[in-house]
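Please go over the structures that come below.
Shared between the two complexes below is chain A, which has chain B as its partner in the first and chain C in the second.
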Partner chain A sequence: MSDDDQVKMDAIVVGGGPAGLSAAYAMAKAGLEVMLVERGETCGSKNVGGLVYGTVLNKLIPNFFEKAPIERPVSRRTLVFLGEGEHVSMNFGADEWSRPPFNNTFVVHRSQFDRWYSKQAEAAGANLIEGMVVEDLVYEGSNGGRKAVGVKLRGDEEFRADVVVLADGANCLVSEKARADLGLKPGLVKQEYAIGVKEILGLPRGTIEDRFNLDPHEGVAIDFFGTPFEGLVGGGFLYTAKDSIHLGFAARIESLTHAGLSPNEVMDVLKAHPVVRKYIRGAELLEYSAHMIPEGGYNAVTELHGNGVMITGDAAGFVNMSIYKEGTNHAMESGVCAAETAIEAKKRGDFSAQGLAGYRDRLNQGVVMKDLKKYRKVSEVLEGSPDLLSLYPKKVNRLMIDLFTVGSQTKSETQKRAIKAFLTGLPKFRAIRDLIRARHLA
Partner chain B sequence: MTPDEKLSLADKLYRTKYEPDPGHPHVTVDAASLKKAKTRKILKACPAGVYTKDPNDPEKVAVSHENCLECGTCRQAGADEGVEWKQPDGGKGVKYRYG
Partner chain C sequence: MAINIVVVVREVWDTRDLSGSVLDGAGAVRAGAMETRFEPEDLNALEAALRIKDAQGAQVTAIAVGETRSVDVLRECLYRGADKVVRVGADPAGLDDQALAALIAGAIAKAGPCDLVLVGTAVPDAENSLLGRHLAAALGVPAVSWVDAVEEVGPGRAVAKRAVEMGYEFVEVPFPALLSMGVALLEDDPRAPRPAKAMLKLKMKKAEVPVVSPADAGAADPAALVAMKVATMEAIAPRVIESQQVDPESEAALKGMLDAVLKGE
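What follows is the complex of A and B.
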């Protein structure tokens, strides 16, 4: 059935986050007729994140950081192992990270950043339809010949296109249904999700810079491990924005329900830890948010293209959950790969699964799939060796505190005792196995 | 500025902006499925406490859909507990200013 009075687009993008906006931007730049549908009142209003990595975006929009709403670049990173009261941390940074391109690492407010990005896509020629929910895809044909030919909005309005790029994020109802309807091959394992919970805590700019030892154009990203997350597969983070702090954590949903903990309880435990409490002293809560993160990695990736469809970003499961927590740049890269594939398909006039197979090849040749593959064991290691995230950090804390506790015994005695205390309760063989496994995380 | 280390969950949610859509709940719990389920994971798992024990009927849960942060955790944790969740209508629901 074809409607003569209905405009047909070259491509429709579902979702205006980093993945969808990159796809829309790149396709519009290449002269395709693109429509992007976003359910939020504006792009960004439903989105929560932490850092934005800029490698891909800097190729699309050179020196984007001069124009985009960047809060602060990340000029210093800190890893903190929290015990009950004790803590050990590692700090590193480079002066170079305070200068363009700022190590491609930025603290942003995603609501504002994504909105800015949507304006760039619009200026490049993409049509933004905001405040509309895509309910389903529109199909023609049946069985193996079934092909997506557009999207159905809530309220039954339909839009048609040669190809649909799905970028509906972690909680991806449209992609889930499309996978089933088109019979896309499942991944080796089921997708696993973490829940990320975050508070935006307002503090005067000067207070932040004094408290965190920053110049005005600098920022810090802190990762927390240890006691507040005991029994959970997860950890916390603190990022400095201009005049607010992002404080939050992410934990595997299954580990939370298993431990019988509610996300807000964990958040409050993190906030009450002596190390964290002092960072946020006097701050005013501006916003409380939550968002899922797909953590299944490489093994959970499904077939990602079918007749008339490509799946990108979080909806595709493109998050690296090793010590490098990256989702934004993978989302953007996959969006660009989908755009390039659509541009090529248009030239050949073939939008079938076969005609879109270049999407898979581009992903395999790019950073996304290579990185996901390198870290394909992360999920399994974190689940199989919970001690990595709690017992060992605790032990290291204890060791440092014992070594540096000033008392009246000799240093030899102090050290002997400290090492003995370190080794008791460490399951030797399991410890060796765990430490060997830990290499998969870095 | 109020130092607010001790905010309740309700206080926290009050700081987050929503575009309400009264009378159009986008999330419900199917009573029959819930009754069959042995667990009540959604009571704890939701970061916004959308699901609470129904004070009038211990078999049921009450749903405060207006507090939903639209993360989807209940769809994962409560797949067997009767959670029926769809996106709120366009522009409705949570509206992050920072995100």
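What follows is the complex of A and C.
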């Protein structure tokens, strides 16, 4: 490479998902020379669909939902407990969730949404390099003085920068290597992963709106628990997009291995359940995807900044695995925290671990770490009390069905029997303990 | 003296991994149902040109007709090392290869002196291999088709290697000449064609792409040159094999199965 080919950026962002794009957008807006490297052909091309939470984005790009490719806002949420054939659900929504800012929850096609977001970052001045793979960081110095000074791309190209923001997602090979190379402190526990599987099923718009009882600008997000996920630490979901349904599930990889199930088998069982089957009747499979989700939570978070480096988003493990299951807004918030820290570091000219310590402080003061901390026991509870996701939902289902099954007995007889059936096989002390522990999930 | 090479590049339907129906009721392609890609043999042609540039220096110009759908093939050429690009500002929809060739020949003439024109042989969504032939005719230059590799270049001539039954044929043509590149380069070298360079992406992302109008290319009304059109397309339904369980204990069931097989049901 000749000398005039040398390019030095203020910051290089590795990965063009919600975290990386937020970091690149915020830094470019502040006038930093930013380069973002994304391995997919375009930002979002490695992603399929899902929910985007907009609290952070709405601060960066006010009323983004008026311009961004949103499929439907989530105006109603449903929790469904699936039994063998029975089901119990809880449905809630609000009219104001159908109006801006729509409860900050949107169903999107990530390929379109991330691409749109990448165009905003580009318009703000970030240099987007797509279809390129970062293989490693470039370092200078040794031991404690070792610092990242750039990235090395596949094909032996090197780019230099004062700071590298790592946003390389759940399967974060670059971040993992950087943790080792810079000696970042590990988390209290090892990161744990779930596999998320998702199908995009095409259906006519009108059919979706009739079937799910929606107005044209409304959508529903359904969470499934129970039988299809028996023995697994996980659950299913269904989101309505404009002309398609996103159906899938996420489950701890370990629990799948332990149960001897493949993701396809679980997906087949979910799709065959009477409740789900009727939702997707007549739909055409358009896309299929699988994705890793870091689920270790608070305890698995490592030190996230070192000399010349900050780690954000899924690569940092910022997924809230409680009943709220939020990841995209945490990713965006961490991206913004990294950007603010980089902007401050540039003013001071200090990109050492000490100079970037503001990243940790910002995270701690923000929503991300506080929420992760609140739900730090989710992992432990789900693993220690597997009945929470299978036995209890089944029991509740049975109880409701028994209570409302019309027969020839008297009502008091029906109720007595139903309650007796409910209590049979219910380990009382453990059940009480489990229910107390379940508070950690909500 | 460095030679001038023109590479013709096309953005075509990506016919890999098709799912669902890609044709509408009238037998036309449903645009929304398909992705596009850089025509792989054109990418080969670009690689051949860049190898000549690497070995002995050359000015490589890429030409494409029409606006980008999703893959900007001209920019992709810049990202790989092409020196210049030219877009012909005409909509290729509805144009046959003869009309396209007239537009491209005009754009080549406008772009300056040219020693070699390289183009991919076939196009995966039509496989008619006609563009190179019409283009050679429009330019009035000799053409070699199904070229595996350019063996020697200059002075004043090129030697093209082609596969023939049981061996190779080496064809010498004087400049200017047109070579239609086949797929062999892709199959023989896993690193070919070369990927884009990040540094070139950084530099060329916003580079201006000059546009030549059909009038400037000498074909103000390319539609008038069209001689051939695809009237309609018909999909072949994928073969569905249904398996049936037969009770191995039941003689009647086995006999029924044999009868069905023998009757070809």
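Simple rule for what comes next: the second predicted complex is superposed on the first by the 435 of 442 C-alpha atoms of A that agree within 3 Å, B and C clash if a C-alpha of one lies under 4 Å from a C-alpha of the other, contacts with A are read in each partner's own complex, and residues count from 1 in each chain.
Going forward, a residue touches a chain if its C-beta (ideal position, glycine included) is under 8 Å from a C-beta of that chain, and two chains touch if they have at least 3 such contacts.
Note that this is a predicted model, so its numbers are computed, not measured.
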| item | value |
| --- | --- |
| Fit or clash - chain C, chain B, common chain A | fit |
| Angle, in degrees and to the nearest 10, that opens at chain A between the C-alpha centres of chain B and chain C | 50 |
| Touched partner set for A:N127, first chain B, second chain C, both or neither | second |
| Comparing the two partners chain B and chain C, which touches a greater set of residues in chain A | B |
| First, second, both or neither for A:F159, with chain B first and chain C second | second |
| Chain B versus chain C as contact partner of A:V7, first or second or both or neither | second |
| Partner chain in contact with A:E96 - chain B first, chain C second, else both or neither | neither |
| Contacts of A:M35 with chain B and chain C, given as first, second, both or neither | second |
| Chain B versus chain C as contact partner of A:G49, first or second or both or neither | first |
| Contacts of A:L285 with chain B and chain C, given as first, second, both or neither | both |
| Touched partner set for A:N264, first chain B, second chain C, both or neither | first |
| Overlay on chain A, chain C to chain B nearest C-alpha distance, Å | 5 |
| Contact residues of chain A, present in both the chain B and the chain C interface | 130-132, 202, 284-286 |
| Residues of chain A that touch chain B when the two form their complex | 39-41, 44-49, 109-112, 114, 130-133, 154, 170-171, 173, 193, 195, 197, 199-200, 202, 244, 253-254, 256-257, 260-264, 271-272, 277, 280-292 |
| List of chain A residues in touch with chain C within their complex | 1, 5, 7, 35, 37, 127-132, 153, 155, 157, 159, 202, 284-286 |
| Touching residues (chain side chain C, partner chain A) in the complex | 19-20, 195-199, 201-202, 205 |
| Interface residues, chain B side, partner chain A - complex | 1-5, 7, 9, 11-13, 15-17, 19, 41, 44-49, 69-73, 75-77, 86-91, 93-99 |
